[in-house]
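Two complexes follow with chain A in common, the first pairing it with chain B and the second with chain C.
Showing the complex of A and B:
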């Protein structure tokens, strides 16, 4: 009975009121922005699967149809990039792990352990963040080539190892450079997280007789897991996409140790013009690892952001 | 012992001797230096001057782990990523002389004792406040320390649980017979749990003594006001020729008080609320009042059931600010707005020096008569 009476008094006008002009325009704006941001992606992805003729003759946003569809671009791009992929991951993964781990250790030492001169060291870390990359390129190249030729030092080891080739040794200086330049920002990110932790964790552990390293290993490291997710994603994306150091320390895109960012500009470009299908395929493939990392660490990432705020 | 942080002196010239297996409570308002004192004993801070001895051994340069102490923190400091079992076991890991099996057995034993064996494999965030509190205690007990240090361990619990844990803590302390230093700002905890209380204010030790000694014979105005709930009434005034005069009162001192006060002129009269008697106003108004009786108006009555807190003001006090409060038995009902006769027995009066706050005279108390063992 109650439902029948509510049916009778159903107010049609209230429906209109709910969809006020303000809200409608809000949603229209949101949809427009989504379209604005997604259109290039859509175009790129569609172009990657089109034949050259289809690229020239169809609207870029349209999906490839029947004879316009091809996987040739993808296979070509994958072929061109496969070596670089290995190089990039071989370089980016250790560099990320290194900088994140050292950054967390440094933050622990600077936040949760008391010692003289802490502030001075912290200032050095801050300076490290603001140091422009361009200013250090030449000294960096000279250091790794003339003063401390680490690449040629470790080359014999790389020859002996399976899978790796001697030219992969050239990536070692790049890894160390990335670790060194990643530490300051990782330290600051971890520091803000550690400052939010109650000091009683460390104090309780101290009273229980745990050493400074044990407190880090058993208490701080496990507690900061969500923050590791955040910093890891950030740092991996940074290092993987980095161009300037790679360009300086690795001689060029024609060398076998070149990373993805060095190879990518050359793929699909030739004297006869630009092959858009290949370029888009390559760009899509190059972006995949960072996307995978985001998906893999999404949960940690969300947790880390939540605890940070 | 003295501790300074830069220019601020947190604890000044504190000297305390704590006998074996005593339950000492450090009590005082926030920022009085009680936590700093505890942290110095624990070794988390080092004293600027002075020495700390535990069991006759000098501790100043020892790291916390070598002091044979255990500490319970206000926020419990349970490691969120470890289970209860791992939390309790953590403190045992650095202790020598245990095999791995003995450690596990010890954890079980302690958990059993505290009634938390069923939740050993849960994470701390799945436990209630009282259970977390027990785990924190377990972590301290498991190492069988020489000294327990507790930093306001009950302040995060609700009232009912706090009362329950208070008793449990006392039982545990009796059982293990471990010297305990307990920090709190809650004078009820201090009174009910301690063997002795040390009252601190602004980094200075005010008085150390047994709870009742502090209650009945405070050495200064601060201790008198801090211990006791509701707190002692203070009336400021002048003393001349054996009579105390304040804005609204005159109170003649008897010979005993007069001898103690001497010729100090600026004094503060202190009376515990329970020592104030209320009577119905006699027919003749305020004319027929005796020496230690006054006419006052009841401004507010707070019934507690077992007792009433009656706030009183002087009828001529225009500001209507509360002057004194009295305790009456729960069955004695007074209405707000009525005039009553207030009488204060000279035997129960405390007198303090207004300038220094020092107690000049404390209430007379023959311990055999008024404080007796059941």
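Showing the complex of A and C:
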């Protein structure tokens, strides 16, 4: 008995020692990877505040020192991007609201109500998520430019509106495009949430004779508030960050209606090369809206990605 | 028998109708009444996705280029653009680059993501904060990360060359050298995406019951052995779904490459199908030809998605 118990204490002691060494190496790895993920962003941010001389003479990771510090890059970049910021938000907010609402409605129709052939419809939505957008770019350009020139049709309305300019009309096709192609992912995100809800509420309401619309408005909408947060954050980030549709539907980075992502690859470029102080400032400013949202709602963002998979 | 009569429920008539009819009536009614909910989004999405694909296929069969409208007359429709693409060396080298990108990027992202997930699953303190940091690049636009990496890979002052000089390799032209450029791009994309695979694996790891670990420990298995023999085999589903997302991304990756140069032509040696397609269409105006490349891309993407959806269907998780 005695020997066996001493054996055991010996084991535990060695285990603890092992464990702590093992533990230290784990934390070292964790910190190394924090460096791996943050270093590129850190060099960008530091460079944004450096004078051209400091950019050339100091290590990118180092913060700008007394003489090397400048805000000129930032003010230049802010000036170059300010109009584009408005365009991006003017485009991304309605597009997000539209695709999220449609997604919730579609998911409700596809989960809360049983009917045959649902699986087929669902698969069509799923393929829509993975569609390489290149497969619809040429038709998209033709549709909005030649077949249904919505932008020039709504232009008179935009001239009459306050704050907005006539060129903002060119963002309307982009908004509709984002809504249409955003529906599949929003639908699947909401569907995974609705499937986890207890069916008893809906069944009870059905027996009470509540209509489909009433069930949606009185029961489903209130209980899906947290999911609306998740999908909204996810979708806003996607649309704000998106490039290819904007690139296809808006004629160039020098047009007044260009969004942030469209302008960024051209900011600070000249015949002599890229001015990285300005470029990094612009990149930081462009990232700011999504960074704020990400830091504030990291959990929701991760959840959106998880359900996506 | 008018079905409207039954809803008005005069007693003798409802008794005449069997319960099966009633149930079916109820379901049909639900289907009809729920249709505005799924129907409107479905219609909008259907026109955009499937209408777009159909339109694209139609254009790809014509010879449309330049400013003129495509000629859809039957005599004009053929697969010429598809055969022309297969015979073009630019297309073949883009396809080859795309394949390298797809395989290397997906494999390393999965391995690194799995490693990070296991690391964070060891009861690390502040593991939520760490997870947020690892996932941060994923919240940024490819346009933004491309600018950041352009600076890191900068020949004269970039961080990479400061490191290579310090270890005595000397400066490397990360993006300008065609034989390295694709590797540099893949490395940057791994940086951006491995946080994502980590999150997917973490979700998988956390859904496993704890007692598997305890049982393995009681049996005297080491942690490493437990992971290799017991835990990782159960990550199959997480691996498959993450791999599908990564592979489809690798097929359609365009933004990062475009944003590196700000021009239609990405760095030499990194041209993939997506960049080739966009260049052929919007720079050169070869609508039919680019539509054909887009169809090839779509077929490749479907080749990844279809088995996945079938697998999900077989698993009953659709």
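The criterion applied here is as follows: the second predicted complex is superposed on the first by the 270 of 309 C-alpha atoms of A that agree within 3 Å, B and C clash if a C-alpha of one lies under 4 Å from a C-alpha of the other, contacts with A are read in each partner's own complex, and residues count from 1 in each chain.
Throughout what follows, contacts are C-beta pairs under 8 Å (C-beta built on N, C-alpha and C of every residue); 3 or more make two chains touch, one makes a residue touch a chain.
These numbers were taken from a predicted model, which means no experiment stands behind them.
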| item | value |
| --- | --- |
| A:209 touches, of chain B and chain C: first, second, both or neither? | first |
| Partner chain in contact with A:279 - chain B first, chain C second, else both or neither | second |
| Winner by number of chain A residues touched, once chain B and chain C are compared | C |
| Which superposed partner A:61 touches (first chain B, second chain C, both, neither) | second |
| Touching partner for A:125 - first (chain B), second (chain C), both, neither | second |
| First, second, both or neither for A:201, with chain B first and chain C second | first |
| Touch list for chain C against partner chain A, complex | 27-28, 30-31, 33-42, 44-53, 55-56, 59, 69, 116, 119-120, 122, 124, 128, 130-152, 154, 156-159, 162, 191, 195-196, 199-200, 203, 238, 241-242, 244-245, 248, 251-252, 254-255, 258-259, 261-262, 273-274, 277-278, 281-282, 287, 290-291, 293-295, 297-298, 301-302, 304-305, 309, 313, 318 |
| Interface residues, chain A side, partner chain C - complex | 26-27, 29-30, 33-34, 36-41, 43-44, 47, 55-56, 59-61, 102-103, 105-106, 108-110, 112-115, 119, 121-128, 130-143, 146, 177, 179-181, 183-184, 187, 211-212, 216, 237, 240-244, 247-248, 261, 264-266, 269, 274, 276, 279-280, 282-283, 286-287, 290-291, 293-295, 298-299, 301-302, 305-306, 308-309 |
| List of chain B residues in touch with chain A within their complex | 42-44, 63-65, 69-71, 73-77, 79-82, 90-91, 93-95, 139, 143 |
| Complex contact set, residues of chain A against chain B | 198, 200-201, 203-210, 218-219, 222-223, 225 |
